[in-house]
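First chain written, first letter: the chains are A, B, C and D, and each begins at residue 1.
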Amino acid sequence: MMTIEWFTQFLAVAAALAAAPLFLGWVNQCRAWLQNRRAPSVLLVYRGIRKLFHKDAAVAEPASRLFIFTPYIVFGTMVVAAAIIPSVSTRLPFGTAADAIALVGLFATARVFMSLAAMDIGTAFGSMGARREMMVGFLAEPALLMVIFVASLISMTTALPVISERLATQALTLSPSLAFTGVAFTMVLLAENARIPIDNPATHLELTMIHEAMLLEYSARHLALLEWAAALKLLNYACIGFALFLPWGAAMGEAGPPALLTAVAFLALKLLVAGVALALIETLSAKLRVFRAPQFLATAYLFASLGLLVHLLLGA
Amino acid sequence: MEFLALLGTPLAGALALAWFGARRRAPEANAALSLATLAAAVALTVRVFGAGNLTFFHEQFFIDPFNVFLVTLTALVGFTTSMFSRPYMRVELDHGRISAGRLRLYHSMYQLFIATMLLALTTNNLGLMWVAMEAATLSTVLLVTLYRTPASLEAGWKYFILCGVGIAQALFGTILLYIAAEKVLGAEGVSALLWTHLNAVKAQLEPRVLSLAFVFLLVGYGTKVGLAPLHNWLPDAHAEGPTPISAVLSGLLLNVAIYAVVRCKILVEGSLHSPLPAQMLMGFGMLSVVLASFLLWRQRDIKRLFAYSSIEHMGIIAFAFGMGGAIANFAALLHMTVHSLTKSAIFFAAGHAAQKSGTQIMERIRGLVTVSPTVGWGLMLGSLAILGMPPFGVFASEFLILTTAMREQPWATPILLIALGVAFAAIFGRVQSMVFGETTVKRLPHTPALLPVFLHLALVLMLGLFIPPYLAEWYRAAARMIGGG
Amino acid sequence: MTAQPFVLQILNALAALLLLLSFAMLAQRRVVTLVNLLALQGAVLCAATLLLAWRTGEAHLYFSAALTLCLKVAFLPWLLHRLIRRLGVYWDTDTLLDTTGTMLVGLLVVVFAFGLAQPISALASTATRSAVGIAVAVILLAFLTMITRRKAMSQVVGFLSMENGLFFGAMSATYGMPMIVELGVALDVLVAMLVLGVFFFQIREQFDSLDLEHLQSLKEDR
Amino acid sequence: MIANLGSPLSAALALLCAWVVIGLAGLLRPMSLVFAGRTLFPLGAACGLALALAALLGIAAPTAHLTLPIGLPDLPMHVRCDALSCVFLCILGATSAGVSLFGAGYFRSGQGAPPGLLCLQYHLFLASMGFVLLADDAYGFMVAWETMALSSYFLVTTQHRIEEIRRAGFLYLLMAHLGAIAILLCFGVLQGGSWQFSFDAMRSAQLSPPRAGVALLLALVGFGAKAGLVPLHVWLPEAHPAAPSPVSALMSGVMLKVAVYGMLRVAFDLLGGPLWWWGLLPVSLGLFTALYGIVFAAAQTDMKRLLAYSSVKNIGILFTGIGLAIVFHGVGRPQLAALALVAVLYHSVNHAFMKSLLFLGTGVVLHSTGERNLGRLGGLIHRMPWVAWLTLVGTLAIAGLPPLNGFVSEWLLLQAFLFAFEVPHTFVNMLLPLGAGLVALTGALSGYVMVKFFGVVFLGKPREAAAAPAHDAGSLERGGLLWLASGCVILGLLPAQIVPVLARVAEQLHVGRLLPNGAPWWMLVPLQGRQASYAPLVFSCAVVAVVLLTIWVVRLLYHQRIRRVAPWDCGFGRLDARMQDTAEGFGQPIRHLFEPFFAMQRQLPSPFDPAPRYRVVIGDRIWNAAYAPLGALVQRIADAFAALQQGRIASYLLYGFITLIVLLALVL
């Protein structure tokens, strides 16, 4: 049995690594379609990463080792996070290493490293990006935790696999609290992954950028790792969302290869749909000015809190 | 024998120094005489330690647990103050603030003052006690005006008049006591004013007269204690006189005065069986604590500041005696001891500080530790001790007083605590800026005598952590005798 | 009510005189007269003491009378007169309260004092016990005198008058205190007056005046 | 008298006395820096280490008592050593070992107190904290408590020539004293009619609920004033920056914990069973404190003030935990109460390590640049890599990031919060989970603050010339930093080993038990049957493995060329150090978002200003609203009293006369 679990684990990580740029590409493609543009290839993200790996790394003179290590750390964190999130199976060996709160913590670690690295060079844009990223972070994190709280109140645990299992096995009910938190989660996801309306991944317009401002000084393999990590992060968030709100289809309990295959298929399907939804949201909304971001995230927090209260009141 | 030496040494000293007090070695003679007095006091204490209570001269004098430690304390502080005054007065002489003739007056009166206080403490005769108290005033009044500045004259005048009037009330109180006692003990023989005799028959004394007597005695001796609102002479006299005198006034005279009040209270309470005397003491104590602690905020003169602090502490002691009972009395006695030691130490340090910076105005005294760390630290630690910071002994007594107050007078505890907090802020803020910071202080021609400061502080520290068993025994016995509560 | 012996009647009359003198001192503004009144009060006191000594046969009362005579009738007034001449203080410019007001307060004080003396008189076994009230009144009136005066000299006179009251109180209630105490008290009063003399010269040297207006610089109310 | 020299209690006492002796030895050669630094401070560090070990053994040992032959005649000093004391002794010993080692290399000669005196004050401070933890009667406790305040005051005012520092010291001691008064009152209530002031008597006293409530409130005021609970926090951001860095480290790292210890001692030991809803006050105050502290930390421009406010935040978290434990204890959820308590203890240990580490780090920065102002620092990671990297550990830890220690305790606290809905009272069970959201917010905000702290001090380019020639820490200083940093790491990685040890405290205080569960040694499962688990060792190993693997793979497949170039900066080119975010700039979003917290005074330049200046002064509303009027009130009362004393002797006589008349009328 152990071997199967470890195999599943390996499969989950490998799938995540492979699927992350693909998912990002899919979202981009959907967005282009929705915006009546000619869509780039789904594989464009892969090509970009590959190209970057081959380039000479240009590192700014004032950079310290922190700057150079950060891409690896961020990438490593995202990979491990992918190993923890029960994307295909709830019985991953790493699934017990960190619960949902710790997962949020892991993401925060990656974010802090990113911000520090951005400040390392001492450019105006770098520190601006770091500041904005941390601002979004400190607002998004509590909202995300509130979301997790609601889910864990329903299932009496903060362990993501258990939450998934319990949600999946309980009778299908219309749960207003989950609906509220679902909205909140989506908002957090947008904010955390530098999507519209908080940030625009497709622009380098200096004064509005957040995530990209932090990457300005990176090049070559370091940039590649960071881009890949960003894609992984988006995938991870999507998978957390699935685990919390759409657990159906993932392999529950001790599952053999067939169940795993189904799970992978289900995951792909969910990602396809999610990509479309994400693109739709991004297309329909306009980018907010930076100082509007707190309001956006406060709304997310409010939704999550409402979900919590509704759950406490209605028990559902 | 020891007793004769105890009273005789300072008296003889006063006479001798009246002749030789201006000589070059007079300060040393003064210290030597004080040392002899201390030796006599210690010898007496040792004897009491073995033999228990003693009486002398047809019971006109006596030593019991209540006064034995006060006698030693008085002799000790008398001695250390004389040590301190040696370099201090020399500097004053060098600075031309006093002449050699006045130094003679100073030395002579200093010894006389010690003698009167010892007399007041040891006499069994309430009338004699009154006489000694009055004599104590008279012997210090000219010392307060030693500098002959307008301010010192004013202070001396107020001291003289207010304490004179006050003590006249005490005399009337004594007379009333005598009237009541005479009824019981008979006019013949002089026993009607002997405390030990009165104490034996106190239950039979006529209560109404005694309560009147107590009011007069309280107002009278209370003026001397510095209980508000009778305290007005105290800050003036402390601030304007020479520092050694401030030290003994604050450290010893106030103790003696409160000793007199308590002696009277014991008698009156025994007769009265009403809480009135206790309530009066508590009321005075409370008022003094509150008034003094707020007035501390307005002080600019260093000695005036600590004079108000003395009023505050006398208030605490009065309050504790007012509460009565074994623990509160014990605490009050302890507080008398530690206050006396600490306050005189503070005055020593403050005196040197004022000399070094040439002013008593606190705003102009700065950065003592940088120039003379010992003076600075002495002042700092002394102030902290007097503010009731552990591990110093003042905290021990305040702890006991406050905890008893919580039990006996819960209403009073918050008021006391607020007042203590206010006093803390007032005194500490000022002391800190005198001790620390950039300096304005200069060096002096004579090395300051700081042994007394640190000796006192060490004793106070010891009393905070460990009270010697025999001392505790005396305190306990005295506390039992004082009763109340 | 049986008639009192004649001696007692005289004693009571003297007591009343004491009270009257206290009132007179309260009202008087001329310093010289004030000292004279004090001397007169001392004399009355002395007479009363003598009378009482004669009646009771207490030896030490004679002694007290002699002490009073020397000290309060002769020496102190002489000293004060001398000081007045040397220092040139003749008038206490004006009292803090006007005379009528002072008198009224004085009257109240007397009533209070008499009430106060009730229990004391009841306890005392002496023939003169009813005069205790007068003694208390004298003390309090002297207090009042001191409060209302502005000249140092008048305050001293008030102080001595208070001493007289005390003495009279002791005498009338108990035929005097024990000898040792009385001696001590007398000594103290004497020394006090000597100290005062020194004081006056010091004050005058500094301020050119004995007006208490000058002695108000040490205060909290700035 | 001394029962057993080997017992943890006597060992602890002996070590505390050793500290006193070491301190006094400093007076032998007061001016000798070498003697104090190279001999006494390392000795003190060794004592600290030994104390930590003894205390660690003591946690498992049974409770020990001892009565010392000193103190008041009727109340000799009692000492007692139970698991709670031992945990905090452990904090004291372990932290002070690092700080003393650091201090051995840190103190320089120059202005301020001579080294020998400093050594005395420092070791007295340590010893008095130890005695506070051991004291088992009110008198001994108060003596040790105030000695602690006093010795730390002297340490704070080491640089007493600076006016600001004197003011800070004064405010500090004043607040400490007022707090002590409240504690004294608290003991007065706690004795409950027996009028015995040993803690044993207090334990056995039966208090009526209102009295117990008053006692808890007084304890909250007293210990809160020491710990820096809002609104009693005003001294903290003044005093911590004023002190020399090792002292700030001890004050923030250990002394605040001693206050927490006091609160725990009163709430869970002396008070017996507090009512559940009393816990709501600490919870709400704690949450407010946490938010207030971290928001102010974000707005600071002085690095030590920033850290001080961060301490305020952590104290808030600790008091929240204490309140939560009281609530759970009161409503009969022993397991959850134990969890909350363990979270508090864990956080105390953690904060001691990380905050000391950070303060020491700032100490080195301060020494080598002479700057405390964030606006003038920057780029120090190149000049002082040791300090920078070790401080980074502390920074990440205090930001609450896994796998370091700060996260563990917040995780435990959140786990406890998660079950707050079980409190059987409406409103409360809805509000408490929302409180968890606040805890999360403050946690995230501290990430923000710490990025600001580390980024501005160590990263980027030096903002002023002073920061450029900085040098790294000496070897002793490095040793101290390394010790504390490794503590942060170990505490972060091995929670499963530490939680059971701390749980003994909860068990001994009869708060509750954390039941043993079958989790493997590397995994922390705090509550049985809830399945929330945390295995930092596992995922950090995984992250390291992935990182190494990635590096290896990248090396294997691609070339290694790195070019050093000028920063690109969107091609802007004319970059200089002043274009980086300043500390004010970095704090701006927070100032903007939490504007109602601040009493801000802005000076904005007009558009046509030839020499524009932008200035913002951030004030504390609480100071303006509470403390300033209080001072004015006292002054007014004093003025009113002073009017009584006009210097006229006649009025003085009148007072006497009236007093006499009134009293006579009273007895008649």
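Just so we're on the same page, a residue touches a chain if its C-beta (ideal position, glycine included) is under 8 Å from a C-beta of that chain, and two chains touch if they have at least 3 such contacts.
Just so it is clear, the model here is predicted, and its values are computed rather than measured.
Taking B-C and C-D together, the chain pair joined by more C-beta contacts is B-C. Centre-to-centre spacing of chain A and chain B amounts to 78 Å, using the average Cα coordinate of each chain.
The mean-CA centres of chain A and chain C are about 101 angstrom from one another, to the nearest whole unit.
Remark: chain B and chain C have CA centroids separated by 31 Å (rounded to whole angstrom). A separation of 69 Å divides the Cα centre of chain C from that of chain D. Residue positions 641-642, 644-645, 649, 653, 656, 660, 664, 668 of chain D are each in touch with at least two other chains. The set of chain C residues touching two or more other chains comprises 116, 143, 146, 155, 215-218, 220. Multi-chain contact residues of chain A, defined as those touching 2 or more other chains: none present.
You'll find the chains touch as A-D, B-C, B-D, C-D.
On the side of chain D, the complex with chain B involves touching residues 69-74, 138-139, 142-147, 149-150, 157, 160-161, 163, 166, 169-170, 173-174, 177-178, 181, 184-185, 187-189, 191, 195, 197, 634-635, 637-639, 641-642, 644-645, 649, 652-653, 655-656, 659-660, 663-664, 666-668.
By the touch criterion stated above, chain D contacts chain C in their complex at residues 641-650, 653-654, 656-657, 660-661, 664-665, 668.
The residues of chain A lying in touch with chain D in their complex are 53-54, 56-62, 64, 66, 72-73, 75-77, 79-80, 83-84, 94, 96-99, 101-102, 105-106, 108-109, 111-112, 115-116, 119-128, 130-132, 134-135, 137-142, 145-146, 149, 152-153, 156-159, 162, 204, 206, 216-217, 221, 225, 291, 294, 301, 304-305, 308-309, 312-313. Interface residues of chain C, counted against chain D in their complex, comprise 96, 109, 112, 115-116, 140, 143-144, 146-150, 155, 212, 215-222. Of all residues in chain D, only 378-379, 381-382, 388, 392, 396, 399-402, 407, 411, 414-415, 418, 421, 429-430, 433-434, 436-438, 440-441, 443-445, 447-448, 450-452, 454-456, 459-461, 523, 530-536, 538-539, 542-544, 546-547, 550-551, 554, 557-559, 561-570, 572, 575, 577, 579-581, 585-586, 588-590, 592-593 touch chain A in the complex they form.
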